[in-house]
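Below are two complexes that have chain A in common, paired first with chain B and then with chain C.
Up next is the complex of A and B:
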């Protein structure tokens, strides 16, 4: 079973034809999700350009919490592999990094390369409850919350906030470290918090070395970010309605667009698991899914699961880069790659140009 | 008076950047009707969506406006735009002069990067009114922004110059401020997060950041001057500024040359 229309199993070709028909007639289509390998995400951008769609990854909010800070003040960042090799102080901010599996990995060893080589590694936390199995020094964030605590820490590090304070000790540790790494989840601390954290890292680099280490998201948002950068030169929330890629994180937020009734057809791409938004059942939608049941949207097409039933280029959190992932268990009759379905859709829609808009007199009436 | 009357709710967001009294003054009604305003592949024009009546005046009236009309008055240099209804995002973005008034409410980023002129919104304003858009160097940049109702979070975010007067603002008012002045009756939690310089005045406020330090009661001539300068816009705000004030300096997380004034006692 690989394709469905209105919950009824159909031939894949019929589903693709119906999907092309749905998107061809749309005024403001949306291509969302992008929880897939780099080739599929690239094909989704190509399709969006052809049909004048806007694009928003499932990881949109998380991606923009970090991208906002990057666009405003830049970044001084490192990768998990570098942190493991070089850091003598790892500060874990908030709770989310503890669920990502990265922390025990960083806690396991001491720095073996660079200026801090030979020193022991200290693990400290700010505003997280930590994990009893991993030895760490815990500092509470206080009632004001994590972003406020990051600001306070920054003031203490720079000497603008003086006097005895529970975080003064942590500030001293950061200043004394030869290679500090601050691990955080942009989605947890938000754009303002991420920008403040970058400021803290920059201040520390006046006298020593310190780097930010953002957790990637679980839905290939970093892949979408990279593909968007090389395809459009901008972030992933772009719209092609006027032919050129317009970047507007507010306007092309898919949740906002759907709530405002601005979307009349959508394509949801989740070759890897991603939370299905409620709108796939209310907006006329096509869903390309790695593990479909058939009822997720008006048209559902099964695709290969990248890195499992097919080899694919996916985000590698350890290397902080897009890297090739071999197929884990290639199925004998595996579903086609999402990229192939999207390319098929693209070819059908490029060959049949947009339906001519209604005559000007009718347009006036409809507008 | 030049008038654009929206015929029906637009089927997509419209971009009205550059539709100013000066830009329309040199055009015939036919030419104006062909100006592109659509944001989809359908290529909607001004005439598709609005009944256009031009008379070359320096006042433009937009009747029946909705929250799908983005960038009204963007780049305005002179003249007056009067909007009956609501507006979308980036009202008056980058304007350098003139006046914009809105009878309803505004979407996010009203007055972003506006260097001069005055924007008056009778209703509410969404998040980041007078704030910077993604990656932009500054929000409000010298213009005056008056909001009769409630503003969303991050009012005046990264603003660099100018004045905002508002009844009520959400959380993080004056976040990342570079400079400028915000006067509000009420602001939410954590005003001035990351502000470098600039002045916040609020009759009431939510939780303050631990990086704002009280610097005592102040009786500053500059606040009297400010009261005088905004009395015409907002008598309530002027009255607030004439009282005795307690001053907090911050945000000490960053440069710390900003300040928050709130009535003493």
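Up next is the complex of A and C:
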């Protein structure tokens, strides 16, 4: 089964037609989730532009913590592969990175490239409880929490904190490292924490090299961020209601919009698994899902799972880039790509197609 | 359908043509005057007819262009009816097309980020596009060179990277500089060693120059030299030119190197004056060399560069005071916002030097107009720049409005030359098309792609070039009176180059070891662009030189 209306299995075309009708009748539609490959995210933006929808990816919190810091102070970052090849000190901030695959991966080797090559790699954590299987030096964050501890560390590195301090030793390690890497989860430390961490990293680069390394989010937020940038000139959470893209993280927060009763129809795109918001069952919605049951929304359409049942351009956490993922499973009788369904919806809804009108045979000169 | 563009002043320097006549097009191509009547006539009386403009160096796609938008949300914001050159790909395509440009090349596509760059390029409508594959700081290449592997191995690695990323050519950015930066360096010149490799920048450059020649890549190696923007940077450019030893070489944004140190003993603190005469003279002596200008224009912009060493060194000049420097796999990238102040002595002098460089040019086909968008300012400044090149009086008025140092430390005020329309076409059409090796554009001879710009002949050249009367892409009218009338999607130009199977196997093993992902992860397959119809392919192949 590949399509449902009100929980009843239907032909896919009927579901797409019903979805088009639902969105066509909406005055304030929402396109959300965007947990999908780049082509589907692109198609979602194209559809949103056409129907005047707002757009909000599922990856919200993590993406925003980093985007907020980025727009405030910038960044000084590196990649997982460079960290693995060059870092002589890895500082793991907080708890979240310990549950990602990156930390054991970094703990497994020593630097092999650049000037730190030949040195051992030291692992330290600030405010994390660590992992018993990985040898590391632990520094408590203190009662004020991790962002405050990062601030103290920054003060210590810059020589602005007088007297003995429990983090003084960590500050010295960072200053002495030749290629330090500070791993963090933006969702855990928030925009202010990420901003302070960037400040710490930038200060350290006055005398040595040190770079931040943010964990990617689990819901293709980094793909949505890039597609949003080239499609609208801005980061995500954007609204097309006035015919042009408007970037406003507060106004176009889907949770807020639904709670305020501002949305009269929605499309939820999760070709890859993402937590289903409760509103798909309260707001008239279309859900495009990689693994549907049929009851998630008024209209549900099954789509291919990118990187599994179809080749796809997806965020690759190990490469920190959008990368091609070959299809894994055999594609027999697979559901169509989300991009194809979205393009179909787009074509049905496009009021003014982006095609040339028939050229007149005589064009006047007005020069 | 046979179309006649009738009665315009047709300017095509490649055919020695500057006369009122017709241009005929059929099936998307320019044809010789046929012996039958047209199905359609486009009246161009009172207009200038040129080939579509060709851009060789403009940062319009890629990870760093994305980051620049996220760093400076205020710069890329969309306003009603005001497309923004720092904004979406759609705005970029519209703004180029409106000026009569029909092809644009993104010069900095790192192979590790090729897929996202290509996805973004494909979303720039109206234009044909291309990307240059950046090499010169990647560990695989540096290892090959350090281990003194054969020139064939270097050639094969370059071919593999070009083929995998579907690039149009090859660029090198401060060869070895990004690697040196990661090891703590803040200065780096042609004969400095990359610390961990014991290789000089010169050796890396040499290897890449040879590889590009051996592969017969139509576009010469596109070189971003060391020491960009520093007093004395003219020495870097001239040394690099000499190092090419007659091999074809293109210098990106030469204006940023045309700074002669005033105090040779203290170059970094003594200020600078124009080195435009020195560079123009060197260009005259080296027919193997070309340059694009990187003209500075005034206002807020973001500088975007893979030269992380120079971007890091320039971070304290950021305005507003926020910046990005990423140590990536190979180069990474740096974004430093900058405001070129029209009353600022340094910006004014840079502005004067760029114009001087073009006006002293021994051959406008080899001194291409760029602003290194957005580094010197947005590409939308081209009409004004062309106006100043064509009009000595307007230039004098402009110079008079800036601090005196611009006139004192450059030769601009003393130059009488006014560019002709033929020279403008060389600077913006035939020159860049020849440089990219695109024989099907940049001219109006039979067989050329029907990419044509029709401008009203106005004394106000800024107005004339800012909003073309009509723009035709592949035979379709896409712009009328500055407004887009057909949102065609263009194609991305990629070089046809075969990758060596042996090098592919070696690279697969290298990539797996480094990234835990092999070559297929780095590819740019057609399947990544499912939104395109079969009869509207994203890519078009460009042949190597024979």
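One rule holds for everything that comes next: the second predicted complex is superposed on the first by the 349 of 367 C-alpha atoms of A that agree within 3 Å, B and C clash if a C-alpha of one lies under 4 Å from a C-alpha of the other, contacts with A are read in each partner's own complex, and residues count from 1 in each chain.
The criterion applied here is as follows: a residue touches a chain if its C-beta (ideal position, glycine included) is under 8 Å from a C-beta of that chain, and two chains touch if they have at least 3 such contacts.
On a predicted model such as this, the values are computed, not experimentally measured, just so you know.
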Have a look at chain B and chain C on chain A after the superposition and call it: clash or fit. fit
With both complexes overlaid on chain A, does A:155 touch chain B (first), chain C (second), both or neither? first
Quick check on the superposed pair: does A:142 touch chain B, chain C, both, or neither? Answer first, second, both or neither. first
Tell me the contact category for A:81 with respect to chain B and chain C: first, second, both or neither. second
I'd like to know which partner A:209 touches here: chain B for first, chain C for second, both or neither. second
Figure out whether A:226 sits in contact with chain B (first) or chain C (second), or with both, or with neither. second
Superposition-derived comparison: chain B or chain C, residues of chain A touched: C
Where does A:72 make contact in the superposed view: on chain B (first), on chain C (second), on both, or on neither? both
Figure out whether A:249 sits in contact with chain B (first) or chain C (second), or with both, or with neither. first
Tell me which partner A:235 touches in the superposition: chain B (first), chain C (second), both or neither. both
After the two structures are laid over each other on chain A, how near do the C-alpha atoms of chain B and chain C get, in Å? 6
What is the shared patch of chain A, the residues that chain B and chain C both contact? 67, 71-72, 235, 242-243, 247, 354, 357, 363-367
Would you pull the chain A residues touching chain B in the complex into a rising list? 27-28, 51-52, 64, 67-68, 71-72, 142, 144, 147-152, 154-155, 160-161, 192, 195-196, 199, 235, 239, 241-243, 247-251, 260, 262, 354, 357, 360, 363-367
Using the touch rule from the top, collect the residues of chain B that touch chain A in their complex. 7-8, 10-13, 38-44, 47-49, 68, 70, 89, 108-109, 132-135, 154, 158, 172, 175-176, 190, 193-194, 207, 209-211, 213, 251-254, 256
Chain A residues touching chain C - in the complex, by the definition given at the top: 38-39, 42-43, 46, 67, 70-79, 81-82, 85-86, 113-115, 117, 178-179, 205, 208-209, 211, 225-227, 229-235, 242-247, 311-313, 316, 318-319, 321-326, 337, 339-340, 343, 354-357, 359, 361-367
Chain C residues touching chain A in their complex are 39-47, 61, 63, 65-67, 69-73, 76-80, 84, 86-91, 112-113, 115-116, 119-120, 123, 139, 179, 182-184, 195-196, 312, 318, 322-329, 332, 335, 456-457, 469-470, 476-478, 480-481, 485-488, 514-517, 520-525, 527-531
